[in-house]
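The first chain written gets the first letter, and so on, giving A, B, C and D; residue counts start at 1 in each chain.
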């Protein structure tokens, strides 16, 4: 099966490599073509323009940084929808807003192509190891068609129905819950610290008892040590996702006070020049508000 | 080994039963003596006054509802400290404030007795099944002495050093994180709901991917179904713990905005007559603020 | 002096009438021409297209409902900037974002026309009575040129420098402070109510002692009586302004927790079908969260 | 008329002086007797013990720092209630909790003495100038008896009924609204600052248009200049009042999210060693959260 792949960032490279490994013929394009080198060595075909990625009635995967990049790729005169041709599928795996998804899905439908949203949970190491969790929604036949590709990239695929936007909302909810976890771990550890409990100990006990989720173990360790660099997921990108969460909630007239709280925390971190740290650096603000001066990674 | 046990509520009964099962000789007292029936049948000795529970140089476990009940038991003229005698140990397993613990620990130390704090994570079913997580802090020798008893009641004991208050702070932090989990699950599910995702599906996907903690699976199910009765842990008690968290933070001049948010949510639920529901009924407020009228258990 | 006027809503009609009264020759256009009847009777000239309002090198006042309406009027092919001609002035009095202002100011500058921002504080009755407070910013010469017109419409004009966006930011800040006032009055009155103090009495005492601002007297009375209809300023418009405040803050990486709080309050009111009430109906939520059921105007 | 006066802090001294000036015979006591010197020179009688202040069936004014000081004075064995004798009046002008007031009012009633709560709005300069606003509640006959004294100390007396606690709740509400004003002014000015508007200009325009309250003019100036020393009202005392507000709200199961927000802001300021600055120094945190480093008075 042929598959096009656009967006070879730290996530996309691992995902495309897993498609190759699973036997797909992969055509790639990236704004910075040098990022395709390893993939080409492993058998991918590199093309000079985004539009060349599309095969008639084929499948194109996109893994881009934000709504604007995705819209530009689809909506323009040379938008990938036009090249896909009748029955083609755009498998959109970026974290974007449900509104963008709704608009692009409508645009594709009008052109006779299909739009499947399949954002993922997992960081670059999970992408490389095909351990992503994939949230998939869109027209059923199209979902079925791309299922082998999704299974090649993830450890599990969750299907969420016909409305592509549902997958994006759930992805945003997951990221929101991660931000809430960062805030709550930071508050818990800082409270303990003020009463003489080492931060690491608070994290250990909580994650070895009631909260044994690996993601909480990892964030617990980072926040305990104030070790926010190098970034697994940049704070500035986390803030973008917080904006998307609040934007999605605003559209449906839903207050999300906890999302507001974490967005404010991330925004303040950005204002303090922490945008390139890991988003768990939001935790520095919790310590500072308590009059502490976190040592290790805090740049101020 | 002899052990005294005061406080036979839904938690205490299971814990005392496990002590009996492990071979301890258990003397019990409870304000409502009829709650001791099953334990007496299994071999416990019931005494008419709290002070009779104490054995010279023995161990007394207390599992009471709040700071006031604990203080009354210890500080009064017939306070259990006096009966314990030189070297006796008060093993205090209730969820109380670090301030109460500090005061009682000092009082015990002045009398030549020992105070070990050992609050637990787990609900009555975990108490009955000896599956509690125990957080233990206090003088080392005393901790060592009560370790067999703690192991008979819990699946794991975490030791947290010499300062008894540390165990209470960590217990409160854990409860705080559970409240934060309830709020974040409720916001995530309600956002999904407004975009057409069934609440159950949001809970399932999140807890089968990034948040596989059993506690999140359980709360996820309850909140998805708005099934808050019967209460596993009453909202009015959860609010009391939120108060203790904020009180502990206030003492050390630490702002905890997320703790404030969840305390406000619980307080509003109390004002709306939901104090006897499970504390996850805080989630009803999230739906109401979004203009929804949650069906099943919501009394209004 | 000739002046064009676009936007004859409840504010614009009073403002245009005051220009006529002060001796300006006024040409008007409005999407619904029937709203111009009284003005025409008083001497205004009604034209069939927005573009006809513009005079070469003249002045056009716009008083529109939102950013989109203003942008459409200026940016389109028949945008009013083109008709104004070299040296013409666009006196923009709507409440819009600083970002829209920056873009339109740049567009005007590129065309050789001038953009002066002059949003106002005051409701329709103040507009009719020429009692508005006007916040004015933009190129100095242009500001000077429109000063007589502004003085005909307001009781006082505050000049805020060359950067037009500054006037919009200050207008948004004023509206933000009004929202904060509504929230704080509502919390204060509800607290008093729970302790037996009549809501009216709380409002009276506070506004006859430390807070004697007329605006607080008025909101105090409305909120005390839960009298939110007819709307002086619709809640849905207030929410739009809260969005603009947070949007402006987001652009400069500034957290505004109090703005978030009031935006959430308004959003919840919208979700509860209160968008057409006065924005002080945000206060209903304060009572509801305390378990009270405000009587008079609360639709639920 | 004879009157006793206890509590010669910066407020009490001015108040007692005004009583003397109005012709009352004033007997004073203070923990630090040297603070009574000026009053003695002006005709006050200084006594060596608090209990000597009381005259049979007389009136005692108390102006103390907190609930604990007031309780100690009343409840102890030598509590002033005992000395007052049948029909005596305790005119309690401190800012304390409604709960303390309720308890002391009950205690007085049981002893046949009367308790009138009369907390005030105004700083030491207003106390010295007899320009205080007095909030007065308690048994009507007792209120009538002390009215001449209150009028000698304030520019206006607001009567609030039979329940003394109502006066305390309203006083706390006023202080809460001042804190909210500080926060909202700080957010408004900082937003303007980020868009190039001088902080002073924001304060001027807002207080010369929609918010002409003198208290807002004053705080506006302080916050604009970050001039927080010397303190007009210490931040640590402001935080105490925020605690009282939230405590009063907690008792009646009322969420006050804005009160939580300002309490958190003050708490963080305390943690950053700003407890001795004026409470408007809460505004420093708003600037810091936006990545700014306020110059003048900020100690960090």
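Details
Here is the rule we use: a residue touches a chain if its C-beta (ideal position, glycine included) is under 8 Å from a C-beta of that chain, and two chains touch if they have at least 3 such contacts.
Since this is a predicted model, take the numbers as computed values, not measurements.
Superposing the C-alpha atoms of chain A onto chain D requires a rotation of 180 degrees, rounded to the nearest 5. Seen from the Cα centre of chain A, the chain whose own Cα centre is farthest off is D.
Spacing of chain A relative to chain D, judged by their CA centroids, is 52 angstrom.
Here the spacing of chain B and chain D, counted between their Cα centres, is 39 Å.
Centre-to-centre separation of chain A and chain B, using mean CA positions: 37 Å.
Residues of chain A in contact with two or more other chains: 253-257, 264, 268, 270-271, 289-291. Taken pairwise by the contact criterion, the protein chains are fully connected, each one touching every other. Taken in their complex, chain B has these residues touching chain A: 98, 121, 133, 135, 156, 158, 160-161, 163, 165-166, 169-170, 172-174, 176-178, 180-181, 183-185, 187-192, 194-197, 201-202, 205-206, 208-216, 245, 248-249, 252-259, 261, 289-291. Taken together, the chain D residues at the contact with chain B in this complex read 243, 250, 253-257, 260, 263-265, 267-268, 270-271. Per the touch definition, chain B reaches chain C in the complex via residues 264, 268, 270-273, 285, 289-291.
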